[in-house]
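Shared between the two complexes below is chain A, which has chain B as its partner in the first and chain C in the second.
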Partner chain A sequence: MKSGSSFAVRWLQATSAIFSKDIKSELRTRYALNALVMFVITTLSIILFALGGEAASSELMCGVLWIIIFFSTMSGMSRSFVSEEERGTVLTLQLMTRPSTVFFGKLFFNFVLLSGTNLLSIVLYLVLITNFVVRTPAIFIVVMLLGTMGLASACTIIAAIIAKANTKGTLYPVLSFPILLPLLLTVINGTLLSVEGAPFTEALEEVQILVSYFVVITAVSYLLFDYVWKD
Partner chain B sequence: MTTFVLDGRGLKKQFNRRTIFHDLDLRLASHEALAIVGRNGSGKSTLSKIIAGVLSLSGGEVTLARNGERIREEAQLEHVGFVAPYLQMYGEFSAWEHLVLFRKIRGATASDEELAALLLRVGLLGRKDHEVRVYSSGMKQRLKYACALLHRPHLLILDEPMSNLDHEGVEMVLALMQEQLATGMLVVSTNEERDTQFCGKTIDLNVFSDREGRAR
Partner chain C sequence: MALKLLLGLWIAAIIVVGITFPIVPVPQAWYEFPLIPGLENKARIMLFHVPMAWVTVLAFLISMGYGIRYLVKKNIDDDEKSAASAGLGLLFCVLATVTGAIWARFNWGAFWNWDPRQTSIFALLLIYGAYFALRSALDVEEKRAALSAAYAVIAGATVPFFIFVMPRLLPGLHPGSGGSGPLMGGTMNATLRIVFYASLAGFTALYFWMLNLRNRLAKLRTHHESVGG
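Up next is the complex of A and B:
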């Protein structure tokens, strides 16, 4: 019992160390942060120019919000593993700790980074897109939170896989799209319900799908990561 | 008294269809040192990484045992220290931040005073707060020694141990090798005779592959 609890404490300590290393490293190098923020601002500007003051439908604007989130994620999320691979620090981490601590440390880091970027996207979207009004905030918040968790989980394992490939830039969105499609369809539906002012009970199906998606992807990623991480 | 034994049997490594080595056996106990020698491309670094547990084998297995009891594969890292020229540190962190970070990741018990003593030992205490990106290649190599010794490993693996080091650095590493032998095991991968002076055992990887690079 004692060895089990001490293992859990050490595992948590190592995972939080990987997480804090990535946060500190990101704040110093801005390896992914700049790409994510610039992508959000640029894409929103293009959408505003394209709309030219015209009011688009709610359905369309819900889809556009998630297009921004999907592609901004694609522009920055892969960096968590690609930067380790490019700098040659993968071996250093492999020598330090077991694969599961690296995976969950990176997952928490990606979740925090993605949450920050998504928050920025949502705030800018709500301010700049005049006919995008959230009428059921509870659905919107839950869908955004679960959607971000699912995105972070799927993107972490995909980033680990493509970090070993030669064509990293193009492979990431291509490999991500089929894996993220069920998530994207569900979050777009959920966001639409929140914009239409549906009661929370109507969004329960979406919530269940998003929770299941996160659990399944995280569990599969955990099992797969050992093979991806080791040469 | 705790004794460690490193045991490798029928080791085989292939990259695609190319066999680097096969039918390789090794055995090393506490207070013993093993030299891995061989021409460029013979698989010295590959074998070092396999012994460290970070590279998978195509055949055979390597085990580390403590007092006759096999240590689980995922727990072996706690007993291994590794230094190599291709091992990279984080340029945006200082030497001190590296040691504090690695102490936390490893769950090591070294105090701040011990970390400072370690940096003093490798000659980096005066530059401990400088970012590693501004270090010379020799200073980076010294930092790798501090990081490898942080958790007092029972098995220390050194691949090209004197890379980029000046005379003083070479003397420091030779002293570290002797200290390691007093407490644990040492594996040195090199072609320099000076680096293998404490090694009682030798694996010559040239024996395991012919000039076309195929295993005999």
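Up next is the complex of A and C:
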């Protein structure tokens, strides 16, 4: 037993160890990164082809942005747990660590991965879609940040659940979509408000919903993770 | 046996009463329903649609409850009961969605409008579908039980968002959402109220009876398998 370091410090060390392990292995192999980046670029290209040079309304393009984000999330975010199953490192992790460190380590990893992907999507979107102009940046940034947090939270627990199932790939969107519906509806509303140029006070309801969604889902996932993770 | 017959007669009576009692502007006799302006005869579906929606939510909560019980006690019977309740919930959810769509066609013009309440019953349908998709993808009994219970709890955590938060925020057509007033309000007279609550009780009893049948069947099946029959 280490003397002098409290439980909290050791917990943080374990969680950041899992986080840096995931980040390092991801940067080395770039499986998920490649999939996510290519998916974003491909989907955006298809949308631009489908529009065919016509300008769709900016309301429509708000929804389309979140279609891109949702589907790229579905394509890449289950990696965090599925890769453990594929490499056979699940038992090692179960023996060496507390479940809560695994959960929060991977949650933070998913958040970083998703932030990077969303940033790419947003930048490409702002550059390529000419009539998508964010008039109230404050709302846009807050909604994006909270939306990414909520997405990461829901996706982490669902990834943990499907990692043990047979048909992982198709099951992931099927399980995630109903859970994510409140988040998606709220976040699309928020993006709409930011594009219309509404003052920040009008978006307060959306912000409240997003914050409570993140807190509720993270808390419930944390409580359930022990049962999902252990055999 | 007698209870079964009583349940059958109860539901039959509700159906007959719901369809035949006349709707008049100013109810005088004990058997007359009040006229809700704009709804007239279409209001009759309220006697069936609302109890179905209520039962599907009840079934989900009970399924979630048995799931939590399994996670705590690890008794596989609880998982069987959770799945049985979810199956019934799916059935009533489909019925509620269809009756709601019929109402929508006659009142708002189209079968589907993406009104918040319609969206949330659709989301519940997706949750049930996802629950059974998850169950069919897992072979090991304990894993299946634990993971489907976990999913039921997570889905249960999002249900309050659908039921309470969204209909209040987003404008909708459904009675009780943003624009219009409270759901049933003062437009029901005593007769309608009695029939409505009787229908609610009848559907709930129907659900519990069906759940009881399914639980007993599941128990027989596991007993049969363990005996080696």
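Simple rule for what comes next: the second predicted complex is superposed on the first by the 226 of 231 C-alpha atoms of A that agree within 3 Å, B and C clash if a C-alpha of one lies under 4 Å from a C-alpha of the other, contacts with A are read in each partner's own complex, and residues count from 1 in each chain.
Note that in this section a contact is a pair of C-beta atoms (placed from the backbone, for glycine too) under 8 Å apart; a residue touches a chain by one contact, two chains touch by 3 or more.
On a predicted model such as this, the values are computed, not experimentally measured, just so you know.
Steric overlap between chain B and chain C is absent once the structures are superposed on chain A; the two fit side by side.
Of the two partner chains placed by superposition, only chain B is touched by A:A14; chain C is not. Within the superposed three-chain model, A:S58 lies out of touch with both chain B and chain C [touch as defined at top]. Of the two partner chains placed around the shared chain by superposition, chain B is the only one that A:T97 touches, whereas chain C remains out of contact. In the superposed pair of complexes, A:A165 makes contact with chain C only, with no contact to chain B. Of the two partner chains placed by the overlay, only chain B lies in contact with A:G88; chain C stays clear of it.
Contacts of A:E205 after superposition on the shared chain: chain C is touched, whereas chain B is not.
Touch criterion not met for A:S115: it reaches neither chain B nor chain C.
Touch criterion met: A:L224 reaches chain C, while chain B stays clear of it. After superposing the two complexes on chain A, the shortest C-alpha to C-alpha distance between chain B and chain C comes to 5 Å.
The contact surfaces that chain B and chain C form on chain A in the two complexes overlap at residues 231. The residues of chain A lying in touch with chain B in their complex are 10, 13-14, 16-18, 21, 24-25, 28-29, 87-89, 91-92, 94-98, 101, 230-231.
Within the complex formed with chain A, the residues of chain C that make contact are 71, 119, 123-124, 126-127, 129-130, 133-134, 137-139, 142-143, 146-147, 149-151, 153-155, 157-158, 161-162, 165-166, 169-170.
Contact residues of chain B toward chain A in the complex are 49, 52, 54-56, 74, 77, 80, 82, 84, 86-93, 101-102, 104-107. Contact residues on chain A toward chain C in their complex (touch as defined above): 157-158, 161-162, 164-167, 171, 174-175, 177-179, 181-182, 185, 189, 205, 209, 213, 216-217, 220-221, 224, 227-228, 231.
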